[in-house]
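Heads up, the next two complexes both have chain A, just with different partners, chain B and then chain C.
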Partner chain A sequence: MKLTAMTAALALMAGAAWAEEKTLDIGVSDALTGGGAVYGLPQTNAVKLAAKEINASGGIKVGDDVYMLNVIAYDDKANPTEASNAVRKLIDRDGVKYILGFCCSGATGAVASFIEFEDAVMLVGNAAERSITTREIPNLTRTRPPADYTGAAAGTFVAEKGHKRVAVLGALDVGFYASYVDAFEKELEKAGGEIVSREAFGLKDRDMSPQLTKIRGQEPDAILVVGYVEPAAFIYRQAVELGIDVPRYGFTSGSEEQFTRVATSEQMEGVWDLRPTELTLLSASENGKAYHANYTEEFGIAPSPSSPYSYDQTYALKDAIEAAGTVEDTEAVAAALRDIAVPDEVVMQYLPVDEKMFDQNGQAYTSNGAFQWQSGNWVFVQDLPSDAAAYSAFLSTLDD
Partner chain B sequence: MARNRTYILYGLALVGFVLLPQLISVKYYIHLSVLALIWVIAAQGQNLIQGYTGYVSIVQAGFMGIGAYSTALMGMHFDLPVWLSIIIAPFVTAFFALLTGYPSLRVKGHYFAIVTLAFNMVIFIVLMNFHQLTHGEAGITGIPKPGGKDALFNWRDRETYYYFVLIIAALMTGLAALIVRSRIGQILVAIRQNEDLVGAVGIAAWKYKLFAFVTSAMFAGLAGAIYAHYQSFINPEIFGIAQSLDAILAVIIGGSGTIAGPIIGAFFVVFLPEYLRFADSFRLILYGLVLVLATIFMPRGIAGIARDLMEKRRGRT
Partner chain C sequence: MVEVLQQIINGIAIGGVYVLIALGLTTVFGILGIAHFAHGSVSMFGGYLTFFFVTSWGFPLLLAILIALLVGLMLGVLIELLAYRPVRDANHINAFIVALGLTMMVEGINLELFGHEQVVIPTDFSRVFNFGGVTIPELRLYVILAAALLIAAMTVFVERTKTGQAIRAVAENRDAAILMGVNVKTIPLVVFAISTALGVCAGVMVGSLFAIAPGIGEGLVVKGFAVLILGGLGSIPGAVVGGLVLGITEALAAGFISSAYKDVIAFVVMISVLLFRPQGLMGKA
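== the complex of A and B ==
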C-alpha cells in the first residue's frame, strides 16, 4: 500500500516536473559576422535576453503547459543563400517553428520567398525593405517600419528646417536606403527644395573624401547621409575634416558606442539621425531603460538602437502563442500575431493600426523621431510626422 | 581496363546519388544537396576553362547571375514557361560571354584573371543598380517553380527538385566529359600545356579558348537559372566575386582537370561551411584555414589523392 502511494506520488511529481520542463525552441537567423553584424548581433542578443526574461517570469503558458524558451541562433551573414540554409536547418533539422531576427533585407527577402510554404512563423526585425510586407504573407510579421515610411517624415522635417538644397551621400545601391531617399526627396520637393547631388558609396568603403569634396563644391544647405553605421561615421568625421560646415542629417540607427569607434564626440556634435523612434537612453521609456540596463549587464556592451525590434518580436510571439493556445498550430499563432495588441513589455513606441500591433500586411509601425548628437549622446528632440494608418492603407495597395 | 573501372565508379556514384534522398531523413541535407548539385553544373563549366584550358576565370558567379536574372525576367515580362526560360537562359549567358570573352582572351595568365574579375564586378554593379529591371538589392521574389499548378510532380518538394537537378547535373557532367574526350578537349589541354606550340602547329588557339569560355559560361547560366527557380528569390549578393572564388575553389579542392573533381569540390564548398556552423564566429576563419591547408597539401585536389591511392593499391596487388 505504502509502495503504491509512493509510486503514485513519484509519478505525480514526475508529471509536474515534466510540465515545467517543456521547452519551446525558437530560432534566430541573423548576421552574426560581416557588415550586417552591427545590427544582427545585437538583435540576436536581444532575443536571448527576452527569452531569459520570459523564462524567469514563468515561461509561456499554453493551457496547462508552461513552455520555457530555448534560442537556437545561426549566422546568415546577411547573405540570401546563407539565410535560406540557416532557416532550412532550423525548420528541417532542429524542428523549429518560430524564427526571429532578420536584420538585413536581402537575406530576409530570400527567406520570405519560401516561408509561406513552411509550417513556421517568421518574425522580421530590422530589415527595412518595403517589399517584405507587400505580399501579405500570412505567416510573416515585421516590427520595423519600411524605410520610405520614415524617409517621407524625414523629408518634411528637413524642409521645415528651411533647407532648399540638400546633398545626399548614401549606400544607394541598397534598395531600402534608396527608397528612403526617394520618399525624402518627394517631401522636400513639395516644400520647394531639391536634392542637388546623389553620391553613392559601398558598404565597405571607408574613405568618402572624394564624394564629400564634390559635395562641398556644390555648396548645399545640408547633407543627408544614409547607410550602415561605420561608413556613416566616417562620413561625419571626414565632413568635419574637410571643413564642411552645414547641418548633417542621417539615417543610420547606430549607438553612441558604435559611432565613437570611428568619430570623436566633437566631430559628431550636432548630427541629426532621422529614423524610427528607436532606443536611446535619454529618451527611453521605463521599459527602454530597463532593457538598456539588463542588456548591458548581460552582454557587457550597450544595445544598439535598433536591437529592440527583435526583443519586441519575442514578446509579441509570447502573446500570440498564449492567445492561440497552441505551439504546434503555426497557422493559429500566425493569425493571432495579426490580432494582438502591443505587448506591455515592448521597448519601441508602436503606433497600433486598428488597435493591433501588426496590420493586415503583418507590418508594425513605430513613431518616427528626430535625434541629435549632443555632448556624446543621441538626444530625442521631437517626433516626426508619422501617419501609420495612411501608410498601412498605402502598403495594402502594393503587391510586389 | 582502367576506363571500365572508371565507368563502374561513376555508375556507383550515380546510384549513390539516386539513393541519397531515401537515406537522408532530414530534408535540410536534401536542400544542401540540391545547392551542391547546382554548384556541380557551375563547377564543371569552371573546370573547362580553368582545369582543362589553364585560364583562371573569376566571373563564373557573374554568369550564374545572368542566367538567373534572364530566366526570371523572361518569365516575368514575356510570360515564358519555366522550362523554356531555363533552356534559353544559357544562350543569353553565352551571348554576354561572347561579348566579354573576345577582349578577355586577348590577354593571358594573371591579366585574364583580372579582366574576368572586372567583368564580374561590372555584372554585380549592373544587377545592383539597374533597379527598373533587376529590383536592385531587394531582388526578385516569387520566381515560379517548374511544372505549374497541374504538374505531375510536386515541385515544392525538395526531393522532386533534387532528382531534377541530379538529372541535369549528370547530363552536364556527361557533356563535359564528351567535350574533354573530343578533339576540342585535347586541344584545350594542349593550350594549357603550351599555347605557343599550339599556335605554331597552325591551330587558331583563340577559337578554342573562346569556345571553352563561352561553354563554361553556358554551364554557369544554366546553374543560375536552376538556382533561381529553386530558391524562388535572387538578388545580386549571391552572384558576387566571393561566389566566383567558390567556383574556383570547387575545382581546385575537387581536382583540377578531372571530371570527378568539380563534383567532389562542389559538395565540399557547400557542405563544409554548413558543418562549421558549430564554430559560430570562428566559422569563416576555420573555413579559410581548411581551404589554405587543402590547397597547399592537396594541389591535385581530392580526386588526385584518390587516384594516387588507387594506383598505389593497384601497384601492391
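== the complex of A and C ==
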C-alpha cells in the first residue's frame, strides 16, 4: 500500500516536472538610441509584444515541452561595431540562439558578415540593403523586401502620374536609399522621364533649405525624398516654406506622430509615401488593427509603420521552431524558416513565393503601396506593381 | 540672382546660430583660456528646458525662454564654481579634461531627463514672407532678428558697461586688472553666466528652427570652435563675421557646388582663409 502511494506521488511529481515551463531566451539587437531609434525602438517593442502574446497563448510547443519567451534586448545604436558587440554578447554571454530586430542596414550588414559561422539564427527586420540576402546565408532571413524592389515600383507609379523631370533629395550615402533611387530612375527613364538633380543630406542634417533652393531653381515636375523620417519631415516642411508646390513623393515609412513632431499636417498635405505596404491604421487588416491597439495600450504610443517586421519575425520563429521540433538545433530551425507558410498572426501583407513566406535567399516580400497624407493621416491609395517571384529569381542571380 | 539671395538668407539664419554659439565660446576662451567643450550640450539643455516648459507645463514660448535663460545664467555660475574654478591654477590639461568630462555629464543628464527622441520646440510662427521671389519663413526672420539683437546687446555690454570693461581688462592683462582693483574672482562667474545664457538662446533657436536631439550639441560646438578660429580667438566681432561666413559658405556650397560635401567645402574655405590670415579674420597678429 505504501509502495503504491509512493509510486503515485512520484508519478504526480514527475507529471508536475513535465508540465513545468521552460524559458527560451531570444535576443534583440536594434537601435534603441540615436538616429535609427525611430525604427529600432518600435521594432524592439514589437518583439516584446509578440513574445507576450505568444506566452499568453501557451508558449511555443516543442514535443512535450512548452517554451515561454524571454526577450533580451541590446542597443546597437545602428552602428556596425555596436551591433557586432551586441550580438557577440547575446551569443557568448547570454547563450542566445535566436536574434531578432535589426532595423538599419549598416549594423545589420556587419552582423550578417559573421552570423553564418555561429550556432544562431538571425531574423532581420526593417534593414533594406539588398546585399543582406544576396549571399543566401542559410541561418538568416529577412521580413522586409530590399529597397530596389520597392524603388522600381515607385518609379513606375511616378512615371504613370506623368512626371518627366524629378528632383531627388536623399540620404544618398546610405546604400539602400541609393539603390531605391537607382531602381526608381531606371523605371522613370523607361517612360521617358529623367532625374534632373540628385541632392544629398546627412542623417543628422536638419536644414535642407540650401538643397531645396537649388531644386526650386531647376523647376522639376516633382521631388522624391528618400531618407529617415526626421530629416524627411524637415524637407517637407522647408519645401513648403520655400514655396515649392510640385508633388512631393517619398520613401520614409514614418508614422503620423513622427511627422507631426516636425511639420504641421497642412505642410504635409498631399505628400506621397511609396513604400512596402506597411501598417497604417486606415488600411490595416484585422491583425493590423489588433496589433495597433495592443501596441498602443502596451507602450502608450502608436506603433511606427515598419515595426511589424519584427513582430512578424517572432511569429515566423515560433512556427519554425514548432515545425523543426527543436530549440537546440539551429540548423533545423533555420531550414524550417525557409519552409514555413506565412503565419496566421502576421501584420504585414506578404506575397509568398512558392507558397512559402521566405524564398531560397531567406527573403520575404510584401506588396508595395502608394500612401498619401490626407487631413492628418497616411491613407492607402493603391497597390504598386510588385512581382515577388520575378524579383526573387533576380535576387538569386546576385551573389555580392 | 534670386537663388543667390535665397542661399544667402538661408546661410544667415544658420550663421546666426553659429555666431551665438561662438560668442559664448569666445568669451570663455578669450578671457579664461578654457576650451569649454560642454557649451554645445549646455545649449541643448536650454533648448530641452524650453521645450519642456512649453509642452509639459503649457507656458507661453517667451516665458519659457525667459525661465530657461535664468536657469542658464545660474547653470553657468555653477559650472564655473564647481567644475572650472578648482582647476583654475592647475595645468591647462586639467581644465581640458574637466571640459571633456563635463560634456559627457551634461549629455548624460540631457538623455536621462529628456530621453533620446528628437524634439522640436513648437511655435506659432508659420507664415512665409516673399520679397521678389526670395522667401523668408517667419520663424527664420525672428531668429535672424533675435541673433542680431543679442549680438548688439553683447557688444554694448562689453564695450559700454563697467563690468564689460572689467572683463576686457582681465582678458588683456589679468595682473594689471588686479592692480586696477578689478575683482578677478567675480569676472569668471559673469563670463560663464553670459556664455551659458547665449548658449541657451542658441539652443532655443536650433530647437525651434530644426530639432534638439542627443549628439546635436557636439556638432554645434565643433562648428562653434571653427568659427572661433576663423574669426580670431577671443574676438567678438570675429565670432560674428566668422559665424556668418561659415553659414553662408555652407549654403552657397550646398546650392552651387555639392550638397554632399557642403561641410568639407566650408572647412576648405576656412583653412584657405587661415593660410593667409593665421590669426583669423578679425584676430590680432
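Going forward, the second predicted complex is superposed on the first by the 382 of 400 C-alpha atoms of A that agree within 3 Å, B and C clash if a C-alpha of one lies under 4 Å from a C-alpha of the other, contacts with A are read in each partner's own complex, and residues count from 1 in each chain.
Keep this in mind: contacts are C-beta pairs under 8 Å (C-beta built on N, C-alpha and C of every residue); 3 or more make two chains touch, one makes a residue touch a chain.
Everything numeric in this text was worked out from a predicted model, so none of it was measured.
Legend: residue contacts after superposition of the two complexes on their common chain; A:296 is shown touching neither chain B nor chain C.
Using the contact criterion defined above for the overlaid structures, shared-chain residue A:173 touches chain B and also reaches chain C. In the superposition on chain A, A:264 makes contact with chain C only, not with chain B. By the touch criterion stated above, A:207 is placed in contact with chain C alone, chain B being left untouched.
In the superposed model, A:230 lies in contact with chain C only, and not with chain B. Once the two complexes are laid over each other on the shared chain, residue contacts for A:199 go to chain C alone; chain B is not touched. When the two complexes are overlaid on their common chain A, residue A:23 makes contact with neither chain B nor chain C.
In the superposition on chain A, A:243 makes contact with chain C only, not with chain B. After overlaying the two complexes on the shared chain, residue contacts for A:110 are found with chain B alone; chain C is out of touch.
Residues common to the contacts of chain A with chain B and with chain C across the two structures: 32-33, 173.
Those residues of chain B whose C-beta lies close enough to touch chain A in the complex are 26-29, 31-32, 35, 125, 128-129, 131, 135-139, 141-143, 156, 231-235, 237-238, 274, 277, 280-281, 283-284. Those residues of chain A that touch chain C in the shared complex are 32-34, 37, 172-173, 199-201, 204, 206-207, 209-211, 213-214, 216-217, 230, 234, 240-243, 261-262, 264. Note for the complex: chain A touches chain B at residues 32-33, 74-75, 78-81, 84-85, 88-89, 91-93, 105-106, 109-110, 112-114, 117, 129, 131, 135, 173-176, 178. Note for the complex: chain C touches chain A at residues 2-3, 6-7, 10-11, 14, 111, 116-120, 126, 128, 130, 135, 137, 140, 209-211, 213-216, 219, 250-256, 258-260, 262.
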